[in-house]
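Presented sequentially are two complexes of subunit A, the first with subunit B as partner and the second with subunit C.
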Partner chain A sequence: MAKAEKRGAVLRGTSMVDSRRKIACAELDTDDPAGYQGLRNIAASIKDTVLADLPTYLETFANNAEAAGAKVHFASDAADARETIQDIIRSKGAKVIVKSKSMVSEEIDLNAALELDGYRVIETDLGEFILQLEHEHPSHIVLPAVHKPKVEVERMFNKLYKSPMGASADDLAQTARRVIRQDFLDAEVGISGGNFLVADTGSIVIVENEGNARLTTSLPKCHIAIVGIEKIIPSIDDLPVFLNLLSRSATGQRSTVFVSTITGPKTLDEPDGPDEMHIVLVDNRRSTILADEKLRPILRCIRCAACVNTCPVYQQIGGHAYGWVYTGPIGAILDPVLLGLEDAYHLPYASSLCGACTEVCPVKIPIDDILVEHRRRAVNASLTGPVEAMAMASFATVMVNHNLYEAATRLAAVMPSSNGRMSRLPLPVITDWQSSRDLPAMKGPRFRDIWKQRLASAGANNGS
Partner chain B sequence: MDRKKFLSQLRAQMPVQSTQTHSHAPRTQRALSVDECLDMFVSRATAALTHVHICESDDEVGSLIENIIDGASYVNTGCHQFAHILTNLNGHSEQVLTEDKNVTFGISEARIGVALTGTCVLDASQHRGGTLLPPRHIILLNAADIVPDLYSAYGIVGQSLRAKRTSVFAFHTGPSRSADIEQTMALGVHGPGDVHVIVVA
Partner chain C sequence: MLQTKPRVHLFITCVADRLGVSAAESTVNLLRLYGCDVQFSELQSCCGQPAYNAGHHDAAKQVARYWLATYDKLLASADDYIVTPSGSCGAMIHHYKDLLVDEPSQIAICNRVLPRVRELTQFLVDDLAVTQSFVNLSSFTVAYHDSCHAMRNMGVYDQPRALLKSAGATLIDWDSSCCGFGGLFSVKLPQISTAMLDRKLDSVTNVMSADFLTSTDLGCLLQLDGGLQRRSTRLRTLHIAELLDPASVVHAK
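This part shows the complex of A and B:
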């Protein structure tokens, strides 16, 4: 598939959702007593309140969830989380496991571990199902298959399920529904993520549009929810603030189609539902972020991906270019901590620092400030290499020295160019960097020369 | 990892605590009269692609349901308040749904309606499979149970949870949908793709 076709799909998908977001968020000014900006402030400060005392909130949540009959597990890292889940499933004699969307499960690479154990693991979200068939990973937090042109899905469903080429999106979705339905009925275990953990009721809240998360958490006899420790909110009364912001920021909907508030397994007098419920709370370096005052606002994130959809860099390069689970601006500030700065220091550079991400963030994470903070740390840790350091040093030398600046800009104006592009800068360093790039050629006389001339002629006019 | 160890490690990592004022959600709700609630519910649920009907008597509800299901099979997912209407439906047999039996309709009863989002709230007294597996869903909602917004709805959910545990509160807003294939909306991906809400005034 041509790259241009993928880029087209990403650009169309993200800009469409971004424009719906704008309309839906603006409506909060009349729909919500606090208004859109007021809600952002409230949401950010509720999250900060929780983060300042996270261990206590986690303990309250765990006590209430267990009082409701769920079993709560704590996992310090990816391996711990995988083993905890493998242990739970081992005792179930399961063969088929259905999964609804969970970014944490991607983060800890859960599917690979479960498949090694011999289970059949089925991603039931339509987008994730399509990606799983092609052994691909999601390229977007909310729109996992946003990079996938429809014709690729037609081709694959044609090969696997004899669905006709040219089938409509509705027909393709019906085919997937039919195929996955049997897995839902066969599965002994359902694994879900969780958008919120409600401390005062011990509930988990799941937000979705397809109904696959409701089925995953309703049909199998055992439900396992895997959730990051930062997803806590204090009270069920706080939930509407976040639901209003999340659905509108994520997809431009007033509410997603399904929002489930799950409090423990089925009770004795209820007709159906899982007999057993496990909640696995995952740290996996989130405590490192918590301990770091400058980075801590990252943990306010509710994974709406508004920053991703609005990001001009993401729109051009797509999610897979980020190389890991969390993509776009939020990925560029989260991945360097979760993966380690050494492995992901380049991500904060995939940004023009235009600040669009910060402006749309419903929980007011200062994303561009944190991008700069990561860059500062990368430079201080000498991760960016001597070439960049030299380039920056020579740039600084030129910029602060009047004579050098004069000489450099005069030289740039006469550098050889063709078709309005010049192939290199009058700089002695970063030759490697320059070998794969060209730059716009300088046009006409320099601004400072024009200005000097104007001043001179103005002076002459005044004098006469 | 052991819970005590996990939490004490986390506490050790926490920076010195600043005394922070706790902020909370606004407790005020949108002020809407009963009539405004109904109008708002109809317009917002319709915008979310729900077919909304308003009925004034049990007979009217009964014949509307007969019209909608048109001879197809249905399952009562746990209607209590409106159970008598379902038992009097002409010529249709009610099925018990223990697994996917290709039943066409689930007929459910909502506990709460939310005006500003056009949402129906189902609790765990409804058979979950029955509300999700059939391709079409009919939800009965008492007009008096429509509240203005999510603040009031979750206020009721919270009160109810504190009094007696209910394993799930499911907020349903329109038919199941997905835009995962190139942002083209497809309905009925896993849940019902056709949703009727009958508001009983």
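This part shows the complex of A and C:
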């Protein structure tokens, strides 16, 4: 596909959702403490309370979930999580597995492992379904196929399912639904993610707009939820604050179409639901973040992707450029921990530090500060190379030494120029700048020269 | 307006010293017109932002200590102000407390000096309560670009707009997205930086028409101007001080 076409789709998709978010949040933006800013403060502080004592909350959650009949598994890393899930599925003798959207399943690369085991795995979220047809990974944590121009999906559905060209988004969703209807009925296992783990009730909460998660978690006999350990909230009473912020921040809706609160498997007097429910709580380096005071706020994240949609860098490069599961600003602060700084230190540098992400984050994660913190660590680990280190050391030396500063800024005037613009020069930094932009000439007096020549005395004449 | 003449120590910044001389000069003119006693110390250099943002915090700390020592000496009274025509550099100064958190003596200086730092338009509107303009911009349409750091870290949003309006300028409603400068980002990842710039410039050159692009930040202006020069347009970039200063080129007949 043409790169420009893809970029256009990303820019259009994210800008549209971003402006919806703006409107939905502005609607709450009153001065009272329950307004939008107030809710952000409340949500951030609830999350911090949990993070200050995460093991206890996890234990409470696990006890309550098991009391409701679910089986809770703790997985320390990706391999552990995969094996836990593979064991459960094997014990069910399953052949077909339906899945609703789960970024943690991407994080632990679950589908590949299950397909290798010979299962048929069907993604039931429309975006994920489209990507699965093309063997692609999501480029966005909420809008997985945002990089796909709609016409391309029309073409694909036309070829595969005889859906007409020009079909509406709703029509495309209907087609997908028709295709996977039988799979829902055939599947022995349904795998979902989870937006929140409610400690005091042992429930998992899933928000969605398509209804596919509802089917995934209720039709198959066995439901497996994979959730990161940071998704805990203390009480069901805290849920409204988070639902309000999540739906507005993620899609600009006042509330999503479906909110499922699932507490254990089907009970005897319930007509439907799975016979068995497993909750796999995934650590996978989240404990490392928890133990790190500077990075800990990352664990407040509710994966709304508001930071992604508003990010001017993401809007230009799209999600696949980040090279891994979590993309955009949240990816740039999370991936360096989950993948290791050495493999992902370049991500925090892919930002102008404009701070748009921090401004919109519903749980007030200081994303731009954490980007700088990762950069600091990359420098300390000598990942950014000796040339840059030398340049920065000389920069500091010049800036703290008056004579050197004078000499350097005077010397800059030797740079060749014409018509007030600096000539094109084959010099590092300058070339990179001039590849697309002009630079003014450094000729003529500096401000300090003018100050001495005429400004200082003009001030004196004014009697100051 | 204040009773006594407010004393202002300029922080011109290294960029303006070399690349934004007329913006810096207009800053002086403007502050004097509004009755300030303007001081400039040649000992000043940079705020250290390039090193800070790139993660080279040892280098940044060196520059921060130097900056703090320089201005701590200059402040003759607790009422003195430090005013900069570059919002991003002003915002950097406010990072010093985090940067030097392990150095109590530096934190003590921060506590004296940092509360006195202002971005130019913020100082004019918030501290001097300026509402009158010395220029007439009523024949101009102006697109104001929000410097991300001035806007988000220093709270500069209404002030520049109020000043431009008080001069009679017609303001274009330009979106507040980043121009793609980002200091070293602009040369480390020039393609992304330029893509951001193009988007920002396209919206004002293709969709709206203006006479001037202006901002409170020399970094953003360098980027915006650098991109504009490669296009055929009559649009020009000017620092907001130049637009408001009756002695600047804009107002020269």
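Quick note on the criterion: the second predicted complex is superposed on the first by the 384 of 464 C-alpha atoms of A that agree within 3 Å, B and C clash if a C-alpha of one lies under 4 Å from a C-alpha of the other, contacts with A are read in each partner's own complex, and residues count from 1 in each chain.
As a working rule, a contact is a pair of C-beta atoms (placed from the backbone, for glycine too) under 8 Å apart; a residue touches a chain by one contact, two chains touch by 3 or more.
Predicted, not measured: the structure shown is a model, and the values here were computed from it.
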- Message: Contact-wise, after the overlay, does A:P445 reach subunit B, subunit C, both or neither (first, second, both, neither)?
- Response: second
- Message: Let me test your reading of the model: by the given contact rule, A:I370 touches which partner, first (subunit B), second (subunit C), both or neither?
- Response: neither
- Task: State whether A:A9 touches subunit B only (first), subunit C only (second), both chains, or neither.
- Result: first
- Taking the superposition as given, does A:A65 touch the first partner, subunit B, the second, subunit C, both, or neither? neither
- Query: Which residues form the common part of the subunit A surface touched by subunit B and by subunit C?
  - Reply: none
- Query: In their shared complex, at which residues does subunit B touch subunit A?
  - Reply: 1-3, 6-7, 9-11, 13-15, 17-18, 20-30, 44, 47-48, 78, 99-100, 114, 116-119, 124-129, 132-133, 149-151, 153-155, 157-158, 161-162, 165-192
- The answer for subunit C against subunit A in the complex is residues 5, 12, 14, 16-21, 24-25, 28, 32, 36-38, 40, 42-43, 45-46, 48, 50-60, 62-63, 65-66, 98, 148-149, 152-153, 177-178, 180-183, 185-197, 199, 222-223, 225-227, 229-230
- Query: What does subunit A use to touch subunit C in their complex?
  - Reply: 11, 312-313, 315-317, 349-356, 358-359, 369, 372, 374-379, 384, 388-389, 392-393, 395-400, 402, 405, 409, 412, 421, 429, 432-433, 435-440, 442, 444-448, 450-452, 455-456, 458-459, 462, 464
- subunit B-touching residues of subunit A, taken from the complex the two chains share: 9, 12-13, 16-17, 31-34, 38, 42, 45-46, 48-49, 52-55, 58-59, 62, 68-69, 72, 74-76, 80, 124-127, 130, 143-146, 148-150, 153, 168-170, 172-174, 176-177, 180-181, 184-185, 200-201, 203, 209-212, 214-215, 217-219, 229, 234-241, 243-244, 251, 253-267, 270-273, 283, 287-288, 290-291, 293
